[in-house]
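Look at the two complexes coming up: chain A is in both, with chain B in one and chain C in the other.
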Partner chain A sequence: MATEITAPAYRVIPIIPALKPGAMEGLKPFVANEKMQEALGFPGKLVDDWHDRTIAKMGEMLGKYRSFKVFMDACVHCGACSDKCHYFIGTGDPKNMPVARQDLIRSVYRRYFTLPGKFFPKLVGARDLTREVLDEWYSYFHQCSECRRCSVFCPYGIDTAEVTMAARDILDSVGYGMKYSNEIIGKVHKIGNNLGLPGPALTDTLEGLEEDVKEDTGIDIRFPLDVKGAEVLLITPSADFFAEPHIDSLVGYAKVFHAAGISWTLSSMASEAGNFGIFIGNYEQLRKIALRIREVALELGVKRIVVGECGHAWRVAYSFWNTLTGVGAGANDPFAIELQSQLDHRYKQPMHICELTWDLIERKVITLDPEANDKHIITFHDSCNVARGSGMGDYPGGQFEIPRNIIKAAANKFYDMSDATTLEKTFCCGGGGGLLTDDLMELRVKGALPRMEALHEVVETHGVNFLACICAICKTQFTKVLPYYGYNRNMVGGVHQLVSNAIRLGDK
Partner chain B sequence: MALDVGGKSIEIDEEGYLVNRDDWTDDVAAAIAKAEGIDMSENHWEVVAFLREYYDEYQIAPAVRVLTKAIGKKLGPDKGNSKYLYELFPYGPAKQACKIAGLPKPTGCV
Partner chain C sequence: MINKQTSSVLKSVAFDEDDLIIDPRQWTEDIAIAIAEKEGIGPLGPAHWNAIHAIRDYYFRLHAPPPMSKICRDETTQAPCVQELFHTCLTAWKVSGLPNPGEEAKSYLSATR
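So, the complex of A and B:
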């Protein structure tokens, strides 16, 4: 099956790849079935009058989101973005140039919403919405991970991810949704997390972890669940309860809370930081998923809300939770106001686990022994949503510095990858934005190329053997694709996994 | 979609997972494994049996760590690691072993 996929060769000179028109044409992740669609309030399957409803929905969004309208109008096809996309670099398909991908929808916008396009479509590159066009949207807007690297280079600041989100939102509204994301959102509403992990299984997993950590350290470190009156509510991706190496970071968080003496709890109802509502560009879903966290925070009476290692969750928390839920200032419905008065505003709300840990290190509340990680020669992968969609530490670039500061405090050997591929220019892991699904494995392997090239370079020059991440998607994606590039999946780990190895426990 | 097992048609989804968990038998498991390019050994069956047992209790496949621990206890500490499980199920113990065990696919960022 997937083993037949081969990784593209590293580029000798990393410039624009030779074009391979149609290379990824027709690539189509599985379509959500009727049950999955209807559970989210979308039509079960492609509606008969999809043409008119697509145009109507587009019109509605153009009216509602000023940004969308500007992004449709502002592009001058300068081409600055064209070679900045990892999927274009990896596949060579010209429709994966961000400008070309956006033009799949922009051409339809021109046809139906601009005067020249209505009268002289051919002259302005406007085209009719046909079934082929709709299928093309489905295909290529699922070959964008909404990582926004191209936006960094756009002289007009067009948020290309928002265009992808709009396209996906339109597709959902006519009954043409994607299985991976929509099935997962259904599970969040039904079970409480993306994984579908029910409460009793979560309890069992956490008890098992307590045993393991006791065995390793001789110390009773708790993984509390649904504890009323805890100070901190930790919201972390459900992959942290399930997958390798994710779970090692969960152990790291627990050790930090233990060593600092902070009472904390996880929640069985909001056992998921991830919010795939952003991936499908649907505001209602985004809000509905986020509201679970407010409900739990109010119920448990916590004073602080902290988010674990999850890229897009931090973007949602940092940029949207305030107005969506009242975690942070901005929302003004009664529950948001209640939560506002409940939370302790001496602390950032919400706070990233890296901010919490770094603050404790700086204040010497916790102590790390970096020698404990001496076998690791580490590099750090900036996650797209953290790098370009959020911040940390309330100063510009904090989201880049703080995770690196933690790594350097927890280990002696750290080397950054090429600066063309880090900080705000970081490359997506290749599996973000709702594309982390087996049926897109070929795209994921190819899209990882630029990150793998940069990794390869630090492996060759510094002997790097540990790729540190702060995102569940990145961790899973790299674990999966590294072997295609000849590397061992065990190279992948979390920042708090390093903290877990190095933190001093119980002897202070 | 369907999988032919001894002349009987078994419904599977587009990714090869069983649609109805009740359809699972040893023969069905062997047929799914064959489609995955896996020749089922006694060690494979051990893992599959544990997954099914865990699922019956918790309605979800066990975390990889829970699985490795359990296999380590049963088959010896040299086998209680994810490397061993990847040898058995090269596409990953979570997804591929679940598929053969007739369990739903673990979803999310895993």
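So, the complex of A and C:
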């Protein structure tokens, strides 16, 4: 009797890209001008004694941040990280291997801060700090989105993002800052948000949204601004007031608050969840931006602080707001103590909008009709800073489950992308970490490759037509790069956009 | 290639490093036509002009770029989507003769349809 023989299924063979040395050499974002630099307290342009000041700043940071010193010393060049970076995968430039990118600064560390490097530099891969080296730092440390995927695979737990942040902080301190991030930080200090939308423009937009939603639903849904005594202060990326599809998630948040009967407000002064202080690795800027939120929270007397769909903002809020501002325990200055006593600690402080919405769904305070999203076949992109830099709920992995739970409650058709590209192994969208500038479009398109491959797979197998995100940068990056990969930019949307479509609204 | 007349119109006003006008009050319709030609847009029809005037009105009222969907939906302008007309909202902003909206706004406005 003939036995039917079947060949085993093909294995998925990881493809390590062929090296293209120098492929991205010299690619760099525009340098910040004097005005932008000085507004943040940095030297206006590259200082004459940049060499000595760079080494001095490195020394200062090595003394201040034990992590930085450990990361400089601990790497054994095992190579586990080398093919894990989306920018390396997309560009093939060997200096975009995380280990090699870090070695651009590690080699200088060895030369000036280790004994063998001081005496036998060639033997230990140590090199002098030259102008070429500094330019190389500027170029390649702006080809890292600080997404920390490589760190997941590092047996020593080296946080590559921190190395990039340190390098950028050093560059700023010698007057070699990046235009995109530094101009935006200046805008937050001056106007209150990254997009430079003044209070009256926000009022106009919010009133327009109230009219639109009334027209769509027949229900008066408020988009309150600067309301004293509101229970919740919502801090959301300014893109939610401005861009598409971002604005549709803002409508979703408003509908959730309305349906649950929670009083809430936005703020014109703290109209930005994003905090580019983290991207440039500068503690003072990180804190100064975060303090705007505390000032507003105290002034408005709110009981809860909730954060909208923004990846790095949630990392800053979840991991740093406590000690930076007193939202959560940790800081002990008088204003932080005042804020801590003002906030209602029956709720998580701060809380992600997804945590708030999911809790309301679970407790049946709000009801969703998933059929409303039947035209959408959905997949979910885990944002790097949410996935690897924060949490949600009160259990490990909540940041993966909660957004998916909401999507599944709001829609019937959901398919995850390959598990090599989701959860803690998620790939960056290609535009995070302060790289969402058109100066770096080539890098952004190439760096999106692994995410686009995983998306392509679920499009082919399940007909996916909606890429759900919980990050303003991811949404913008995808709307820009999807057309390069043959997809329509309209397939990008927010999780709360799906909620907005499905939520049952009654007048409460 | 832009013609001689266009290039002389463009020389009459100052632009910044990102090709955005520095003083929006110097803008004229002739300048809009010249910028549009340089950006490969045009010829400018009634729909373009409606959008340009709506964007300029919004800017002078609120000193910010409008949410672009709002211009599209605004019934008074009767304009179809700005991106269809100008390829990107940033090009519409340039042709409307408005000053640099900043790095983040540029990054958002330059999305194609």
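One rule holds for everything that comes next: the second predicted complex is superposed on the first by the 492 of 508 C-alpha atoms of A that agree within 3 Å, B and C clash if a C-alpha of one lies under 4 Å from a C-alpha of the other, contacts with A are read in each partner's own complex, and residues count from 1 in each chain.
Everything below uses one rule, namely that a residue touches a chain if its C-beta (ideal position, glycine included) is under 8 Å from a C-beta of that chain, and two chains touch if they have at least 3 such contacts.
Keep in mind that this is a model prediction, so the values were computed, not measured.
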Clash or fit, chain B versus chain C on superposed chain A: clash
Partner chain(s) touched by A:Glu162 [first = chain B, second = chain C, both, neither]: neither
Touched partner set for A:Pro198, first chain B, second chain C, both or neither: both
Which superposed partner A:Asp172 touches (first chain B, second chain C, both, neither): neither
Which partner, chain B or chain C, touches more chain A residues: B
Residues of chain A at both interfaces, chain B in one complex, chain C in the other: 180, 183-184, 187, 194-198, 200-201, 204-205, 208, 212, 238-239, 241-244, 247, 436, 438, 476, 480, 489
Complex contact set, residues of chain A against chain B: 1-3, 30, 180, 183-184, 187, 193-198, 200-201, 204-205, 208-209, 212, 237-239, 241-244, 246-247, 272, 274, 310, 436, 438-439, 472-473, 475-476, 480, 489
In the complex, chain C residues that touch chain A: 61-70, 73, 101-108, 110-113
Complex contact set, residues of chain A against chain C: 179-180, 183-184, 187, 194-198, 200-201, 204-205, 208, 212, 238-239, 241-244, 247, 436-438, 476, 479-480, 483, 489
Interface residues, chain B side, partner chain A - complex: 14-15, 36-37, 57-60, 62-66, 69, 82, 86, 90-92, 94-95, 104, 106-110
